[in-house]
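Below, chain A partners chain B and then partners chain C, in two separate complexes.
Moving on, here comes the complex of A and B:
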């Protein structure tokens, strides 16, 4: 499998504290690092600019600035950014729009933990390989 | 009509179930079909020569008619007319809000009639009433989103709990408790909205201390504020008096305004929650530093309006509905660069003596 080397650095943006807790737990259990968390769109954008992570996992329905707007700004500033939208099934139309705007992928929050974990692994596996850190 | 039968215009007018009006270039009504007249005025003279905003008592039309206020640029009817100038048929969703917060939702189709009246071009405007359908759709979408979101978190945390160590297990159990409480609250908020809109809310009034309810609100939303790194400052200017209201509905109103401020705030912001007295009234305010754009201000009390994406968020609408229709209160707001945004809600000290 084509895996990215080195620690995967992730920014997590969701306005629901329990969703952040859940996704953070999954990320950490996989050995990845949460370098920043945001509960609104403006902070998500600021976190991305600050950390320039390997991946940002971002809810679509964020206050202050919606996830699709943040996505558009991130892609404009960082065309190679890996933005993964966190969403519910009900947001499917918005997901389509996000993919058109440049989102790398999306994760359905209403999946089981195991399914979310597998989606995250698949996304990480698709990342360009980092320089070896040996 | 070739090989057809001429159909008198008044017969057509009577048969069309959607409301149809003819507008001149000054946006005055120069004709209306039976559906429109039966809904908004029994005879043509009562609607003719007035604008749609005046007929429906649009909050942006008092004395000025349509197209005079800044907010009119956001009006779906006017936008549809502009489109029809270039594209023949203009179609838009249109919401007209009255001064008392009632909403008229229409799906608008505008066609240039191809004739000229005394005041220039004439447009035929079809107004399909979409209020009930949109209201139910918005409610379903937001309800299922919010409730599923919480339920997903609870299920996920149970899955994680199975493999958690004792330290993390305690954290997860606390999160589960919080999420379960929020789930129940969320269902109750949506149920209350549904019942309130149907006009069926029953009040259970008791005496409350303004200072006490401020503290209750701060405590109830402690998790929300701390997780977002926000500070809440209370200004208690109303000591020693009680006011009479329905505790749960009041807390829902204040909670909606507080949640609105929480969601509008950025990390490390301060939210001010306070009370003040007036003649026979008690007022509460929730202030945060964010400024609402004119576009947001124009729609802030609309039922399906939100800054979190389409179809979400009805907090300010719910607060206004419950406060004004049931608690004999008044909800309003101010927003400017120097002061930020403040939502106010005032109530009579006594429900019994309050003016209907």
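Moving on, here comes the complex of A and C:
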């Protein structure tokens, strides 16, 4: 039987504490769970490996390892990973590279809170439903 | 007779244009990003090489 099992689990990676605070509040208001937070690229990768969340929301400009490099490593290890870039980097080359590497979505931080919330809902709605044993 | 086009001048202009292009990257808005994502997804589904 296929059904949603438990809340959506999300890892959040951003080096700006106020952005993490804002996004965390959006995630929680939607009823999803933040299972881990990272403020640099290496921790983001470690968090992903540890929790294997439904979604990772990640900035591009991260210390130690950039978000696009973390994206490439996650996709190499977990080809079905849902990696969503949440960033202010909007140059065409970076956007194209991330999408080609396998980013599920690419969201600009300058969107309204409501727009980010809606995009998050759309991503969650597109997730394959988890298989639950009943 | 003077040439209509000065090759050296044209090459210099191209070089300058390239510099400007590199300094000022093309920035996308969310709508354009979504369109690019849709296009790449469609190409992947159709099994075409993404260029």
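The definition used in the following text is that the second predicted complex is superposed on the first by the 122 of 134 C-alpha atoms of A that agree within 3 Å, B and C clash if a C-alpha of one lies under 4 Å from a C-alpha of the other, contacts with A are read in each partner's own complex, and residues count from 1 in each chain.
Please note the rule applied: a contact is a pair of C-beta atoms (placed from the backbone, for glycine too) under 8 Å apart; a residue touches a chain by one contact, two chains touch by 3 or more.
What you see is a predicted model, and the numbers here were worked out from it, not measured in a lab.
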For A:88, is the partner it touches chain B (first), chain C (second), both, or none of the two (neither)? first
Should A:61 be classified as contacting the first partner (chain B), the second (chain C), both, or neither? first
Using the superposition on chain A described above, determine whether A:39 touches chain B (first), chain C (second), both, or neither. first
When both complexes are superposed, which of chain B and chain C contacts more residues belonging to chain A? B
For A:115 in the superposed arrangement: first (chain B), second (chain C), both or neither? second
Looking at A:105 after the superposition, I want to know if it touches chain B, chain C, both of them or none. Which is it: first, second, both, neither? second
When the two structures are overlaid on chain A, which partner does A:96 contact: first (chain B), second (chain C), both, or neither? second
Which chain A residues are contacted by chain C in one complex and by chain B in the other? 90-91
Write out the stretch or stretches of chain C touching chain A in their complex. 25-30, 33, 36-37, 40, 50
Under the definition above, what is the set of chain A residues touching chain C in their complex? 90-93, 95-96, 99-100, 105-108, 111, 115
Touching residues on chain A, where the partner in the complex is chain B: 15-19, 21-22, 25-26, 39-40, 42-43, 60-64, 66-68, 88, 90-91, 94, 109-110, 112-114, 116
List the residues on chain B that touch chain A in their complex, please. 141, 144-145, 148-150, 152-157, 159-160, 172, 175, 178-179, 182, 223-224, 227-228, 263-264, 266-267, 290, 307-310, 312
